[in-house]
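For reference, the structures are reproduced in the following blocks.
Two complexes, one shared chain (subunit A), two partners (subunit B, subunit C).
Let's turn to the complex of A and B:
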């Protein structure tokens, strides 16, 4: 499913658009950066509570489809500027990680 | 070990002992590798190795440096720092082992996966350390698709 459609169906807020035409492969939930580097796959939508600069670096390193900041946590302007520069999609939701992941699973599972 | 071919590119990056600018070197290394036309998969692996090594220098040491060497057949990343050194290398290589302080864990460090990730994304990986002096890591990634690639490397390792 295209990222733009996932955003619409999940009612996500777009903080940095990046490439909204990308295909979302699956989701990945983690707040541990090395865990994401070890186990997330290219094209995954990364659901997390982390919102500092290294999130952008890790998202770029893994080529995730985007980062979803949950529970209303928004990254700083500095982080968003870096995401814009690197072309990393940053999304936000007021819902918690469980709800966002559950809805995404429902959307993507065969 | 296969004789190394001539270096096409070499650069030294200092790494400070704080998280302020941590992540910059791996971003820069990826940019350089891409501009040199290095294969995307090699750039991806080198980026992960560099990020983990850079974070460890920033988090656990008094500072150090990373040297990037690009050759015809391989990319090398050399990490060195000014201590405290590592007493038990086998222990820190174990997935899950971490001494990250609480403040770093809150930022998402401390899975104990950094060194295992570095090893998993390298074709050759060697660590040397002396307590009180410092640690040196050499990570080598072969450019598989390159015609001069090969030598004594087992496929898929």
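Let's turn to the complex of A and C:
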């Protein structure tokens, strides 16, 4: 499924668009960036509470489809500026990680 | 200059997770037993017991005030101070940014300030072992603004290690020094995280019970066991050296 469609179906807020035409492979939930580095895969939509600048670097390194900041948490302007520069999609949801992940699973599971 | 043996990460009874045997008096006794020249008492988001440890030790060993701060990202950072008032000022700032979670001693343990006579000064009711609502960079900025030195604690460890939590070192000049976990061989840390090379690498005990004090240490080649020298050693100034001791085997 295309990222744009996932955004629409989950009602996500777009903080930094990046490439909305990308295919979302699957989802990945983690707040430990070392875990994301080790286990996330290219095309995953990454659901997290972390808002540190390193989120952008890790997202870029892993080639995730985008980052979803949950539970109403928004990254700082500095982080968003970096994401724009790196072309990393940053999304936000007022819902918690469980709800976002559950809905995403419903969309993507065969 | 001389070699000084340092253990810069020791918890006291003010940490709910530490043994009630970790009174200031006992910490000094064990530090002397372990042949330490410089120690720092680093409780979670609090530095108060360091004052009493310092009074009891009277220079043997030298004592830095300190604390182990949990940032908003749940990264743990060690902050060291020579000046007590600066340490306590930071402790107050952090307390204002701590979630209001009561410390239930039956679940978490006790948080006690104990003086040089083994008398209880006060107990802290709010759980100190919680992340403050301040980002990592802001915590480091506040430590440094108060004249302190900040280094990330056990960077390779889950939970709380900078590299475990944030995956990579942050952009910028900080940190110049890092602590690795007591049980991680230096060669292993460097192989796993190559960009630690060039950083001053520290090992400490992260002691929570008396017997653990001095199980991990760092030898410092410095002029005197004090914060300014520690800082100079991290910066590699004037031939000063930071040499981490061997990893702890029994875990």
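Operating definition for what follows: the second predicted complex is superposed on the first by the 110 of 110 C-alpha atoms of A that agree within 3 Å, B and C clash if a C-alpha of one lies under 4 Å from a C-alpha of the other, contacts with A are read in each partner's own complex, and residues count from 1 in each chain.
The criterion applied here is as follows: a contact is a pair of C-beta atoms (placed from the backbone, for glycine too) under 8 Å apart; a residue touches a chain by one contact, two chains touch by 3 or more.
Small disclaimer: the values here were computed from a predicted structure and weren't measured.
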Just subunit B (first), just subunit C (second), both, or neither: which does A:73 touch? neither
First (subunit B), second (subunit C), both or neither touched by A:53: both
For A:63, using the defined touch cut-off, is the partner it touches subunit B, subunit C, both, or neither? Pick first, second, both or neither. first
Superposition-derived comparison: subunit B or subunit C, residues of subunit A touched: B
Using the touch definition from the top, say if A:37 reaches subunit B (first), subunit C (second), both or neither. both
Under the contact rule defined above, give the subunit A residues that sit at the interface with subunit B and also at the interface with subunit C. 31-34, 37, 50, 52-54, 57-58
Looking at the complex, which residues from subunit A come into contact with subunit C? 31-34, 36-37, 50-54, 57-58, 76
Give every residue of subunit C touching subunit A within the complex, in rising order. 73-74, 135-136, 158, 163-168, 170-171
Under the touch definition given earlier, write down the residues of subunit B that touch subunit A in their complex. 19, 22-23, 26-27, 30, 44, 47-48, 51-52, 55, 107-114, 116-117, 120
In their complex, what parts of subunit A are in touch with subunit B? 31-35, 37-38, 48, 50, 52-55, 57-58, 60-61, 63, 86
